[in-house]
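All remarks here apply to the structure that follows.
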Amino acid sequence: MKIVVCIKQVPDTTEIKLDPVTGTLIRDGVPSIMNPDDKGGLEFALQLKDKYGAHVTVITMGPPQAEAILREAYAMGVDRAILLSDRKFAGADTLATSNTIAGALRSLEYDLIITGRQAIDGDTAQVGPQIAEHLDLPQVTYVEDLSFDGNKTFSVKKSTEEGYQIVEVEAPCVLTALASGVKPRYMSVRGIVEAYNKEIENWNFSNISVDEKKLGLNGSPTRVFKSFTKGVKAAGQVYEVEPNEAVDIIINKLKEKFII
Amino acid sequence: MDFSLSKQQELFLQMIREFAEKEVKPLAAEVDESERFPMETVEKMAKLGIMGIPFPTELGGAGGNNQLYTMAVEELSRACATTGVIVSAHTSLCCAPIMEHGTNEQRAKYLPKLCSGEWIGAFGLTEPNAGTDASAQQTMAVKEGDHYVLNGTKIFITNAAYAHVYIIMAMTDKSKGTKGISAFIVERDFPGFSIGKKEKKMGIRGSATCELIMENCIVPAENLLGQEGKGFSIAMKTLDGGRIGIASQALGIAQGAMDETVKYVKERKQFGKAIGQFQNTQFQLADLQTKIEAARLLVRKAAYKKDMKLPYSADAAMAKLFAAETAMEMTTKAVQFHGGYGYTREYPVERMMRDAKITEIYEGTSEVQRMVIAANLLK
Amino acid sequence: MNNMDKSQYKNVFVFIEQREGVIQNVALELLGKARELANALNEKVYAILLGHNLTTQAQECIAYGADTVLRVDSPELQTYTTEPYAQAVYQIITTYKPSIVLIGATTIGRDLGPRLSARIETGLTADCTGLEISEEKELLMTRPAFGGNLMATIVCKEHRPQMSTVRPGVMRMGHRDTNRQGNIEDVTINFDKSKFKVRVVKTVKEKKDMIDITEANILVSGGRGVGNAEGFDMLRAMAKTINAEVSASRAMVDAGVLAHERQVGQTGKTVRPDVYFAMGISGAIQHLAGMEESEYIIAVNKDKYAPIFNVADLGIVGDVRKIVPLLTEKLAAIKHQK
């Protein structure tokens, strides 16, 4: 079985803070990490490798420094790592990103493609299903657990708002994984020691067969019109009033906040 | 001279920090409170190769070096000093002497199982009457045909209750003094070998420190480590390496106490402002952080020299002396910064203070380190 | 698609998510928003209603603001799977050419939306929390990014339809008017069944244990001022009215009133919900460390000098045991109205 896992390097958004004075985002010094859902997906792939001897390839689209997460993937146990990097890919929205990655995937063999459900810097959850559409493959999103019959069929536990579904899908297919469903393994010490001796394949525009108009900023139907932070918190107000009045104040605030 | 971490070292730190934070730290208070050996953590570390970091892959090791190993002990100890010393004693005091002084057969027999963590290692030198004066060994080893018979008691042995393999020093020829001491690889199942009472300690309370009792203990002749009479030298060289491990442990404890203190002084408000805004706090923390960083450089340098096969005995002694005393100072001040809360077990700093003390004592007290450093200076 | 004639694309379409025949609230919320957008554009609101053995759902869509309901009733659409739904909506979009398509950002909508956008080759903006029409009559789609630290407004200038998924619970549901008039069109879809490759074996509903208080959007947290287990029953009743979870300060956990996994603070968990109610919590620094990053903090405490008021956005000096029951009563009444 051949598995390709699509991973992304993201800023650790739990480390991002707002400048208390200007209210702008402080991105300096924020560490970059492998996107958590992608890491969950990678763990699913490595478990299939442990059990069925699957060959696991990781691919990432990003700047040259995204190499770091490919080394990490090597240290976790993958067999092959590809870095998709080209100025032509820059400025892509989800559609253009999915076109790029799907283009690369067409040059690879796969029985199973795994992506994370969503990346923590964008939270869109769009690239996985869009890749599936470009490659004309069936998709199952929100994958919490996964088993394989050893032949062709995956039985997948798909998380829903109300509980879960068990769905079956045959290879080849695309699954989007949830970090909550699985605990990714740590890199092994030996894996780390050897990770920097392994090859990272550098792919660019010439390695993928996609119309340039579908890539990067030109291939992106959506644009950021403006971005803004929610600003610095104002000082709170304290009321010393009768219970009835207090309750009304609270309820009005909740209404303002759309809580009720 | 390059002080920056390599990409590989950065990746290693990423892993070991996450491991310490998620797997080790949550158990630290409980392990201390219940004086419990954290076997589940050892099993997890074993799976990742942490029990055999600086040994070659052909012998089951991770193929790393002493620099990675010291980072591991530092980061583990930052979360839990018990876990740090388990790895340090296992690696430096048992695996390392087999690697450095063992025959090919001994390495092949013991290192794969030790490096994989299937077996845990320990080291027995100290006796009731042989502490800092380790030459006063009373354990005797008498050769009888194809084996030695060992008699004696070792005390304060880290990992003792859970180890499978022990490096034991014993007198094979009392008339020769230190030159009459030999080293043996002893397995816990050897006839006549038993584990004695468990110590109730002030700190590192989960590390299963016990007596080892040998009553007509039968050790096959092929388990002699190195040559007869080389035991004292093997023990001293082993302790040189061990000191890098303990220095790393002390460094980790100090850093852990600093982490807690920084968090606390930013949050704790007295007289209307965070106590971190008082210059008294700032100056003290600045001095302590300077010492921690100096200790780190000493530790890294000693590990580097060991990796490069350069003489490192004095470097290891300086690293341990300075890191241990820094750990003690840092943790004592951390408790002080925390005030009444610091004296309670709600905060980890009182545990760190108790843990720090041992680093000034074992594998050579601070006084012994000064002897080593001075001897090297005045030779 | 680049040189498309945008003028051909008109009207605001809403994907009506139903599960077992029940229209999901987010669909009704979207109808309310679509109504606003359509009014601003001087266009109509269309509801895309897919399912099997449908009954009165189409009338409901009209009551909540749809002008026309495009209804597909087919056994392939009984339970949601990606491909049958994608084929149906795709055929509707290519036939009717909407200018805007809104989909709820649920596990279904976030599965369907991107699949469709790639098939149509248009933009899709995920998880929007704000939608409005610009002076150029374009849809401005605002969404959080970077874990909510940044807001971005997105436009889709050259492609149609402009698509977005919208977070449930953000838009206001319109008033239900059963007298509203509208059209219901039954649409037939030509399914390509050779592409149906995902089979739902079973659907399991389980009450998800919301024990992870770090995931809760609203937390009702109690401290010493709440007193005892009965006090917490009172908080639980209040929490229920606003789908909140209950948490506590260390004092209450140590007293055995709540499990440790619900403890907020230094030795417990760090939480940052949208709203944090600190009820009878004085605000020791160990507690503040675990909750001060909450989006909005409402504190009730008898002691007007309690440090909790230094971090609260809204502070009430008063007795929680008097205020909480009153508040619960009013919240329950409001919930009931809905």
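By written order: A, B and C. Residues from 1 in each chain.
The rule is short, and it goes like this: contacts are C-beta pairs under 8 Å (C-beta built on N, C-alpha and C of every residue); 3 or more make two chains touch, one makes a residue touch a chain.
Quick caveat: nothing in here was measured; it's all calculated off a predicted structure.
Arrangement of the chains shown, judged by which pairs touch: all-to-all, with no pair of chains left without contact.
Across A-B and B-C, it is A-B that has more C-beta pairs touching.
If you average the Cα atoms of chain A and of chain C, the two centres end up 22 Å apart.
The centroid of the Cα atoms in chain A and the matching centroid in chain B are 40 Å apart. Chain B and chain C have CA centres that are 54 Å apart. Taken in their complex, chain A has these residues touching chain C: 11, 13-14, 16-18, 25, 93-95, 98, 120-130, 132-134, 136, 138-142, 155, 158-170, 173, 213, 220-230, 233-234, 236-241, 243-244, 246-247, 249-251, 253-254, 257-260.
Remark: chain C residues 2, 19, 81-83, 106-107, 110-111, 113-115, 117-119, 121-127, 140, 144-147, 149-159, 169-170, 172, 195, 197-206, 208, 218, 242, 274-275, 296-298, 300, 304, 309, 311-319, 322-323, 326-327, 330-331, 334-335 touch chain A in the complex.
Listed in rising order, the residues of chain A touching chain B in the complex are 68, 71-72, 75, 186-190, 192-196.
Contacts from chain B toward chain A in the complex involve residues 7-8, 11-12, 14-15, 18-19, 47-50, 52-53, 57, 62-64, 68, 72. The part of chain C that touches chain B in the complex is made up of residues 266-267, 285-286, 288-289, 307.
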